[in-house]
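One chain, chain A, links the two complexes that follow: it is found with chain B in the first and with chain C in the second.
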Partner chain A sequence: MREEGEGIQSPPLLTMWAYLVRRLGYTIFTLWGLTLITFVLTRVVPGDPARVAAGPQARQEQVEQVRRMYGLDKPLWIQYGIYMQNLLRGDFGKSLWSKRPVVEDLRAYFIPTLELGLTAGFVFFFLGVPLGILSAIYRNTFLDHFLRLFSLIGVSFPVFIFGLVLLLVFYKLLGWFPVGGRIDPFISAPKHLTGFYLIDSFVTGNWRALVSSLHHIFLPAATLAYGSLAVVSRMTRASVLEVLSLDYVCTARAKGLSERAVLLKHALRNAMIPILTITGLQIGSLLGGVLLVEIIFSWPGLGTYAYTAVTVLDVNAIMAVTLTTGLLYTGVNLLVDLLYAVVDPRIRYQ
Partner chain B sequence: MREEIRTLLKFLSPGKNVLGFLGVLLVLAVAMCAVLAPYVAPHNPYKVNLAERLRPPSWAHPFGTDELGRDVLSRVLLGTRISLQASVVIIALSLILGTGIGTVGALAGGWVDDVLMRLTDSFLAFPYLVFAMLVSAVLGPNLTNAMLAISITWWPWYARLARGQILSIKNQLYVEAARAIGVEGMRLFFRYFFRNAFSPLIVQATLDVGYAVLLASSLSFVGLGAQPPTPEWGRMVADGRQYLLSYWWVPIFPGLAIFVTVLGFNLIGDAIRDFADPRTRR
Partner chain C sequence: MKWTLLIFGLVSVGLLALGQEIPRERTLIIATGLQPSTLDIGVGYEAAAINVNLVVYERLVRYKPGTIEVEPELARSWTVSDDGKIWTFVLHPGIVFHDGTPCDAAAVVFSFQRVIAINLGPAWMFEPIEKVEAVDELNVRFTLKRPYPEFLQVLANIFGTGIVSPAAVKAHATTDDPWAQEWLSSHMVGTGPYEFVEWVKGQHIILRRFANYWRRGWEGVKNNVEQVIIRYITEPAVQRLLLERGDVDIAMDISVDDWELLRGQPGIVLVEEPSMHATYLRFNCAAGPTADVRVRKAIRAALDYAGMIQYVLRGHAIQMQGPAALGLPCHNDELPLPKQDLELARKLLAEAGYPNGGFTLEYVYESGHEDRRRVGELLQAALIELGINLQIIELPWPDLWERVSAADPEQTPAIVANGWWPDYADVINFLYPMYHSSQWPPVAFNIGFYKNAEVDRLLDQALVETDHAVRCQLLKRVQALIYEDCPDIDLYHLTTRIAMRDWVKGYVYSPIYTEGFFLYDMWLEK
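Now for the complex of A and B:
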């Protein structure tokens, strides 16, 4: 299809838009589903949602007050309307333990989680794909077997236990890395631009802060990345191996292209779809894993927040974290869908 | 089917596939521990002995003792039973729910299928650990609710798989033939659809036991699953976490138990995937 080239230069742009719009439609539908599920869970499943919202220690009149405040005495469909209205205005209700609106808490804890998650995502993708390719090229050699075992261990290591092991080895035994927080307490945080310490300190040329943040993020990011790295490298290996056995790779080799060109231009691009799919899915498990990793390394993010919320059963706060990560995950999947169309033009025509 | 199993077993033999065989051994060992735990545990896993607290591994306590002087090995052994039971229940519940919804969608088609599949997508749009945390926080923190919560987040995978299976069977010639000779209703469903769709689902479900162990222990780790003094692995890791730096054996041994269990199932899963893919079977 690629050879037909010239004649279909303009229609793809149109179909690309159609594809985009359809994907966006799906996404909006999914998001609506998310709100419906959380509504049912937090407002219908518990026998008395007002008591849950007010907290286990609340007195009866406080419960009644909450009931009126959130309109929990009204019919369900009106309640859902109010719930949606609040969500759209960014109102998740009040947190039980911090006594502040949940949105304010989210704002404070979201960026550190995003920084940790993105760093780990970056590491697992840009390390996992090359490792997988290496594994495919040197198939059935010592390297391949080693990588296979390495990734099988990675998939099976629960993130919270791997974190503890790293903590024990690199903090306690070797003393190479510090633990706790995002930066050394004696170094002031870099000037606030994006909220990402790594970026802010780099842009402002604050090298001391940059080194300290890198030092602090290393262990949690490594813990978080390992499992996904394992999955992505396995998938890359399988996908590249499959593509390498196809006819057009044989053709490319036959016409004398260098092995490098065959691999990077012909094989990898076609092997990319399953790799992207699995990467999108891995972001989902990363978003769950990041919460556990934060607890272990005392990283001041959503995980630490959710953990505290869980111990006091602060349903509002947990719901907000769930919706935020759900939103983020849906966004990532939309991005992956769009990347499909960039990588593989055939998808736009479907 | 029997022929396939025999080939598979041959494929998992030590000469052919070392890692797959290792997986079988690990899973068998874990299963043995689960069955024999109460009989082989050297100590009472619940017995508090403050005089013996936080003792390092020794002959009397191969895995050491925890902050209340309980024998870690005995607790890990009993934990095998708890974890495996929990994960089997989780998988069974999700399988029933998922297969039901996927099958209804595939057989009904049209808008019913559309609605059910969009619903399934919405469930999959949550990162599952976070979602399971919300569900079990709403239901209340205990192991039963944690199992329910994980099933509620897990079924969509089986719904998709079952739907795909049923859809492909729907167009098979033998179904048309069965219809032509007047087979219908439940008989048609069980003899022609269910039987043929069942084996891939069961294989997938078996391999997922490892992940279920992982998820259940993760929930317990954040305090939403098993409650003390239950010797559940995730809970033991959580309670022992504060002793990590001075008394590493308290959280590390239950942690390794989770790792070994999940690894066993993953090794088998990997081997079966190779087996199913003729390109890599050589």
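Now for the complex of A and C:
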């Protein structure tokens, strides 16, 4: 993934661009591989998509009509060719289940998942790193022990148990937070700009929608973030402690720098590489946890859509979900790799 | 932290309360886990769409609330020719669609032509229609290819029968999509008491009172429900919490455990009614040991029916009597209810040449149907005593369908746990697709390759017999013959369970529109 050089100057711009182009090439290759594997898999698994789409009581000629309509009667390689041709135009085909363009369904379900995932990512990173730093500074104090316990619970608790506990406490007992959906059904959704309710309501100054959206996303995001927050805070603690014991930190202190400057300007920057790595991996694991969280909190996301697509063999929807998730995953990986260079200029991309 | 959250919560609730356009007191909120795949009345064919279809669209005729009796809806009367092939319906005058256009005979014709042309989902029920035409503004004539005794029942069914605004369809039609399927998959324009407002996928559907509703309007009716929100809540336990806190008025998917916990809670009303949904164990009648009727009957005698109802289903079901649903006209009430009789089972097996069993049978059920898995385990325990090994296999629906739709019976499992919903209230909707030999795989639902020439003959006769009494005799005879041939074990009808707050008034259960609500006749007393 990365190779460390010995110099201390910034990487030459050309090398950086070359690296980026190469990585984008890899990404495209990975996604193409993903289309091929998923396409073949969805076609060879048992079950007849045309039969499912035509309906349980459909006559054989109706099934054949559906088969022709979706091009499922053509040889596999021609089907794949047509699929790829349409895909390059941004067309994922029509859903065999809802009979709508998959893009339309994807837009409806993917953005809520992304909003939830990013909010959870934001929470676990910007809360996990400071908590880890606090643990490192106050190591072996009550605070450190408390945060260790807090992290241990976060790592050990299955996400669906934690979600149910939050639901019982904060919805049933205290009634502080609502459950179900992204916004109160009595409040109109904010004007569509990005599809992210939090951003759209903020940008348009729709404060009622913003408050309601925050209110609704709090519990699912907290559930999703907790496990990753625990991991990131522990990793930050370990990484910061390791860096704090290095000679250059000693030198910085000897120079008379304040403890704050030593920590934030010198130690943290060097401690960030493993934290970024673990953050990238945690975002990947969030994608796995999001399905359960969506079910518990009735969050209208990609998880339930993907589950339905698989159970009814909606081949076009399965392809679209796999590709979108794959794109997201490779995108996050690429971003993390690029951030290495931002955080640590010694890193060279070759 | 807690105080911050509390203040945040209170402020938010306050802000939310300020801006409601239609107050909560005049909003009915229903929680359900089932979201329809499409709202298109000409395509959709799933229980999830019943609740919206029933109030946004209207049919020529409908099932009277609480019964399976057909009564007028958009049509005020109808006549049928002596040969049963020409049906003429007279519409109520002055009916308008939600888009303001008139609902006349041309609109009815257009709606049926649309469903038939799309030829998906519910279209199979309209196959006997040769042509449908508008005689004048209010008269619609259906000409059928053959007598269709259950035609009225078919027209009262919820799938494919709702009358849709032709103007709305034409406004959204394109060259590639002449019937506006794409637009109608997420919009609805009917004539019902509530009009479609929005569908936020995965979250909710909102319906609002239609001011120009034709029936009696809104003056002098008890109904005070101005808005209906159908919320999609996937987790049954969450539905229970929402109901307990009064955030929803009706919960459709309360689990058996939660049902017991809700029982007796103040403010909660539990409605439980037997449904017409039938669960069977379908035998492979053409291959393997179950091709022998004595083996099939032995297995039928081995199952513990009382234990099944009491322990597996915890009382939330009733045992079936024969292959058609209890409560339907022409149901044969004289058939015996099978009971566990292991001695009889042993005797039958011995007669079939298996005195000590000694064979293995596959039992296949669809993923997600826990009741069918547990019935399999109950049967497995009983069959071990007879020396038969039952191998229980769980398959997702597409895989299961692949297994049972093979034209070669050698590839079909020995036993398939299978369910059946009646589309309309007629026993032929059970008998013909599942037991006529023309319906063998891959064509349709006679998945056990059952064939009895007499059953075929009687069903063919019943298909066109217009004399109700004669037809009933034929169909009762068919049920008796099927029971005797034992192509399946007729297991149970699950009950429909709906939990609601006590302020919801006027609810009447419909045995056919089980998931639906006659909202026009309902009101809230909060």
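Keep in mind that, in the parts below, the second predicted complex is superposed on the first by the 260 of 350 C-alpha atoms of A that agree within 3 Å, B and C clash if a C-alpha of one lies under 4 Å from a C-alpha of the other, contacts with A are read in each partner's own complex, and residues count from 1 in each chain.
Please note the rule applied: a contact is a pair of C-beta atoms (placed from the backbone, for glycine too) under 8 Å apart; a residue touches a chain by one contact, two chains touch by 3 or more.
Computed from a predicted structure; not experimentally measured.
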item	value
Which of chain B and chain C A:Trp207 touches, first, second, both or neither	second
Partner chain in contact with A:Leu36 - chain B first, chain C second, else both or neither	first
Contacts of A:Ile161 with chain B and chain C, given as first, second, both or neither	first
First, second, both or neither for A:Val343, with chain B first and chain C second	neither
First (chain B), second (chain C), both or neither touched by A:Arg51	second
Partner chain in contact with A:Ile295 - chain B first, chain C second, else both or neither	both
Which of chain B and chain C A:Ile187 touches, first, second, both or neither	second
First, second, both or neither for A:Lys172, with chain B first and chain C second	both
Contacts of A:Leu152 with chain B and chain C, given as first, second, both or neither	first
Chain A residues contacted in one complex by chain B, in the other by chain C	45-46, 52, 164, 167-168, 171-172, 295-296, 310-311, 313
Footprint of chain A on chain B - complex, ascending	19, 118-119, 121-123, 125-131, 133-135, 137-141, 210, 214, 217-218, 221-224, 237, 241, 244-245, 248, 251-252, 255-256, 258-259, 262-263, 266-267, 270, 279-280
Parts of chain A lying in touch with chain B, wherever the complex brings them together	26, 29-34, 36-38, 41-42, 45-46, 52, 148-149, 152-153, 155-161, 164-165, 167-168, 171-172, 241-242, 245, 284-289, 291-292, 295-296, 306-307, 309-311, 313, 315, 318-319, 321-322, 325-326, 329-330, 333
Chain A partner contacts - residues on chain C that touch it in the complex	5-6, 8-9, 11-12, 15-16, 18-22, 24, 27, 29, 31, 37-38, 40, 43, 45, 119-124, 127, 181-182, 185-186, 200-204, 206, 229, 231-235, 237-238, 241-242, 244-245, 247, 367-368, 396-399, 401-403, 405, 423, 433, 442-445
Residues of chain A defined as touching chain C within the complex	45-49, 51-52, 54-60, 62, 65-66, 97-101, 105, 108-109, 112, 164, 167-168, 170-172, 174-187, 189, 207-208, 211-212, 214-215, 294-301, 304-305, 308, 310-313
